[in-house]
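In what follows, structures are represented as structure tokens.
The same subunit A turns up in both complexes below, where it pairs with subunit B and then with subunit C.
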Partner chain A sequence: MADNGGKKITLKSSDGEEFEVPEVVAMESQTIRHVIEDVCAKNSIPLLNVNSKILSKVIEYCKKHVAAAEAAASKASTEEGTAAAASVTKPSDEDLKTWDAEFVKVDKGTLFNLILAANYLHIPGLLDLTCQAAADMIKGKSAKEIRKFFNLKNCISPEEEEEIRRENQWAFEEEKRTRAFDAYA
Partner chain B sequence: MYSFLSMGVQSTKDVEIYYQSRCFDLCSDALEAVVSKMPTIDLIPASKVSREWYLAVHSSLRRYPRHLPWLLLCHYHPRNSLNFSIHAFDPLSHSWLSIPDQPSSNKPANQVTTRFLSGSSGDRLHTLSMSKMVISEDPFGTRWGLDSEAPKVWRQDSVLAEVGRWVVVAGGGCLVPLYDGEEVRSVEVYDKATATWQLTEPMPVQFDGSTSATWLSVAASNEKLYVMERKTGLVTWFDPDCKKWGPMCRLPSCHNVSEWAVTVGPGKRLLVVGVGTTIQSKLNVRIWEVDGENLQVVNNKCEEMPTEMVKRLFLSNVGDDDTWHGCAVEVCGTERGGYVYNASEMRNGAVFYELEHDEKGKIVMRWEWVPVPERVGDSSMAGKIEFGCSKVGLGDLSNLIF
Partner chain C sequence: MEIANISSRGSCDFTSKLPDPILHHILGLLNPKKAVQTCMLSKRWEHLWTFLPSLNFNFHDFRHDDDDDDDDFFHDIAVGRFAKFVNTLLLRREPFDLDVFCLSCEGMSLFNTLSCEGMIRYAVEHNTRVLHLSFPDSVPPCIYTCTSLEELYLNDKHASNKYIRYVKMYSSVPIVNLPNLRKLTLYRWALNSNNVKNLLSGCTILEFLRLDSCFLVDCVIAHKSLKHLAIVNCLFDKTQLVISAPNLFSFVFDENFQPPSNTTLNMPSLAYSCLTTHDNLMMKYLERMTTNIELLELHFKRHLLEESTVVPLKLPIFSNLKNLTVVLVTFSCFPMVNCVLKNSPNLEKLTLLQEGCLSQGEEGASTNVSTNVSSTIAIFPNKKLKIVEVRYWKYNQMIRQLEDALKDVYKGIENSEDFIGPSSGNITVELSF
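Moving on to the complex of A and B:
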């Protein structure tokens, strides 16, 4: 990865740890990109909502994806003909997918914190990846099992449960009405 | 200076407590992002978890509506069609759902016709006997709404379709001797609003000899019923509102198409699919967009299904001499997408296509292979398969009892 001469930026986690990263890696986060471009940042950006453990994982993701994109771009420009380049980028796409799959093999606490960080820092690729991993974990679970999985305070009262059931019913009736309306339109 | 980054958090201590708390409360944005990745069937329990989850599910569906139609599969024993099972394929999660037999208060007692009825809101299970016609309201046969007397002319293997508030019965072969005025080509229209049948203008005479559903491919939009002769590409429409048949049109057959099929397309257009062989004996499956009113091909555009998928679809049609024979194609779909399959061997699988949203370029955005569920596809298992296609909403899924 082109490390030489690239501008560096310092990210400071909520618990005070500092991470120096190339600017291009930090810019994977759209939030940080806006700070750098619009606010004319100093060299250090404090991220009050992300602790060091999570921030280091996020930086690891951004570094990997920036490197992969650079490698693909340089291969495309040196290979003769786009057909050859396309067939060359395929294996590295697979490698990246494998890396991503390994990256999200973490405990659910870390996964949820990664989702929150990706959401807050606006890193679309990381948000997609982590949300998909979370969705996969709760596939096939009942409402009760989902509550347990998220350790949600189990004080959902029978009244609230009934209210939600009624509202869902209303939403489904509305869906049917709209479909019937389409038929008559 | 960076207050907009702090999201209202008071101090570092609060953040620490936030992370150490055992309760994994995702903010609504993040929750919605997770919900958007969940298979549609899982949204039912998800919407019942809590108020936040309920809001996230419905907000996600408003933002990213799940329009793509599901592939319905009816697997039945040819000698006992009361014994059938329904499976449904969700194109978003790429997985099959097996629907167990649903208890239903007004489920018809006599056998359900296993071929799906084409409908403008989706294909439906139905039963048609000499005395009654009953049509399911939903894709899975959990609610049997329309229950009416049968059409006046009794026919076998007729075209039966739901077109908006009408049900149209056309053609068919007749085993019972007909009275004067009842022709094989006769058409009857049922008005759901008044619950009455009306005899109308018969099918055009050009369809004589091929009025049975076996020879025809059918599509139903909200306004019209489209009927296409599979072998010749002859196509026309019927408007149940003004009870009239439209222009007759034959699709240009210079493309060596051996069989045709039709379904609804985007806007008020149709999608026409044709399977045929090129001069070099290569099998191909092509798709055209046709205007729903004048039945002319739009923009002279024609697209081909990827060769690999064509080969898989027609695997069973390759002869010993490596030539193709008897390839029959059928298609079912909505304005968002649909499924193309081998009408003579459904077990081979189907090909899902998603249509482009914008007007400018291609017809098909992407093609995807859909294998049938293992149990069903096993050729040693007795039973036949019929395909149908329908939009499936949360309401339809929420009624299912597993």
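Moving on to the complex of A and C:
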């Protein structure tokens, strides 16, 4: 339905690959929207910060969400409307959520590149989705595990680490009952 | 321009290419304790948490699962820990404006909530955009003049019905000045005509209002810019309900105990409505339904009488109604549904769901339908109808009768396989006249 003879625009990735997409899909990116609206008559937009692999994923996300929005509009219910309602027509919302969850099941590198692309292209929904996925990945991890996950180079000396910990002792207090009295110290 | 490209292989730091604001955003999605603990990760992360744009504090996280709720000693210790953590964080956080502030004091006894007032004041002073409070007793009045607020969620989960009725009923809402508030949700509140008026008049651009599990006495909801209204699981105590919202686009009414004795609805712009109620009230609401309605959902609640008297409804013509969804409990809903169908000449899609469908096959009244139901179901053949969908979780007599009725009305369907359903499933009929 989005391809119904609507205006098409070409997006060019950093590694030279070209993607032709309907204008309405490309406009999911606020960055691209400004380019189209302010610098009119652009047929091909080069995106120097996004490679073809990531760009194709981003386009996939935008296509899906534009289609979902159009389907919802045809039911005369806005996003807020379905949020307000305990609606049986909600299955489409659930489907979209499921799709989104599958969409972010990618390797770390791809996820972080998606975050960067969503930020650069200014696509709020994609940024929220990918940041949440990143947060979910580190939720249950210890500091050591997080460092490993992010490949962080630990440039803090043990003395410095001890000092940081002491300064922020209030955030490291264990919840065990035996230490309950320490909380009052 | 440097191409930012993070490779999964290799030993580069994944986060080095992510700018600080993105890391702040991610930190805001974590438990606040966890977010602060990232100060240990590396030099860069030491102070990142101090820029948290969103804060979400939950007292429940500071209690042990095996804490005895009545055990004051450990409860007070937990309160101490909670207050210490939150207050230290707020003190050390960079003093810039907040985006989202959530505070849940569930489980905290009333006397201890004074310590939380300071936390709420912090949020107000830092111009929070979104505020979620789950707070026993009255909220500090400073929130009502927090002009930066765009979204407000107030949950008074501790209030029992009795408490609401005899005490809260008479507490008035102070001066309200929330010129940027678009979305308001009240959970477990007691509202009478006075405090509703005070609230609404102070929220000049309010678009979304949800009243959930509230106690509504003589409730008059009158607002110029309101677009979405949901009244869910509330108690009316048989008083009146008046809704006057000229720009209302969607209305959800999920009944509700001791329903209003008298309802006045003035929603000329209404396009979408979802009504969940008993037959008698459903009739009243349908008779008062806006003629411009485009999408209607009717959920018939379990019906108490053996058979309802079929009273012909005086319905207006719903010339814009394109999409009708009905959740059926028993056959007795059908005369009413038929009335709606007759008055909807431009209906394009009809969806019929068996009750219990949404809750994955819960036992509903439909399984206990007596076989002595009156006539067979008649379905009015709407000329513009394009698609009829029936969804069920248990193939019972009602579904079989629905099938037969559909076959009667829409003759000439080639693929009779459409009608043969497994024990749970869909019957979809796509029509072309």
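Here is the rule we use: the second predicted complex is superposed on the first by the 140 of 185 C-alpha atoms of A that agree within 3 Å, B and C clash if a C-alpha of one lies under 4 Å from a C-alpha of the other, contacts with A are read in each partner's own complex, and residues count from 1 in each chain.
Criterion: a contact is a pair of C-beta atoms (placed from the backbone, for glycine too) under 8 Å apart; a residue touches a chain by one contact, two chains touch by 3 or more.
This is a predicted model, so every value here is computed, not measured.
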| said: After the superposition on A, what does A:K7 contact: first (subunit B), second (subunit C), both or neither? | reply: neither
| request: Considering only the touch criterion stated at the top, classify A:A143 as touching first (subunit B), second (subunit C), both, or neither. | output: both
| said: Under the stated touch criterion, which partner chain does A:R166 make contact with: subunit B (first), subunit C (second), both, or neither? | reply: neither
| query | First (subunit B), second (subunit C), both or neither: which does A:T110 touch? | reply | second
| message | For A:A135 in the superposed arrangement: first (subunit B), second (subunit C), both or neither? | response | both
| message | Going by the contact rule set out at the top, does A:L47 touch subunit B (first), subunit C (second), both, or neither? | response | first
| said: For A:T31 in the superposed arrangement: first (subunit B), second (subunit C), both or neither? | reply: first
| task | Identify the overlap between the subunit B-contacting and the subunit C-contacting residues of subunit A. | result | 14, 48-49, 51, 108-109, 112-113, 115-116, 119-120, 127, 131-132, 134-135, 138-139, 143, 146-147, 150-153, 156, 161, 164-165, 168, 171-173, 175, 180, 183-184
| message | For a test of understanding, state which residues of subunit B touch subunit A in their complex under the given definition. | response | 1-2, 5-7, 9, 12, 15-16, 19, 22-27, 29-30, 33-39, 42, 45-51, 53-54, 58, 120-121, 164-165, 222, 391, 393-395, 398
| field | Sites on subunit C touched by subunit A in the complex | value | 1, 3-9, 11-15, 17-19, 22, 25-27, 29-31, 33-34, 36-43, 45-46, 62, 64, 74, 77, 80-81, 84-85, 88-89, 207-208, 210, 227-230, 232, 249-250, 252, 254, 271-272, 274, 276, 294-295, 297, 299, 322-323, 325, 327, 351, 353, 358
| subunit B partner contacts - residues on subunit A that touch it in the complex | 14-16, 31, 35, 39, 45-49, 51, 108-109, 112-113, 115-116, 119-120, 127-128, 131-132, 134-136, 138-143, 145-147, 150-153, 156, 160-161, 164-165, 167-168, 171-173, 175-176, 179-180, 182-185
| Interfacial residue positions of subunit A with respect to subunit C in the complex | 14, 48-49, 51, 75-78, 80-81, 83-89, 107-110, 112-113, 115-116, 119-120, 127, 131-132, 134-135, 138-139, 143, 146-147, 149-156, 161, 164-165, 168, 170-173, 175, 177, 180, 183-184
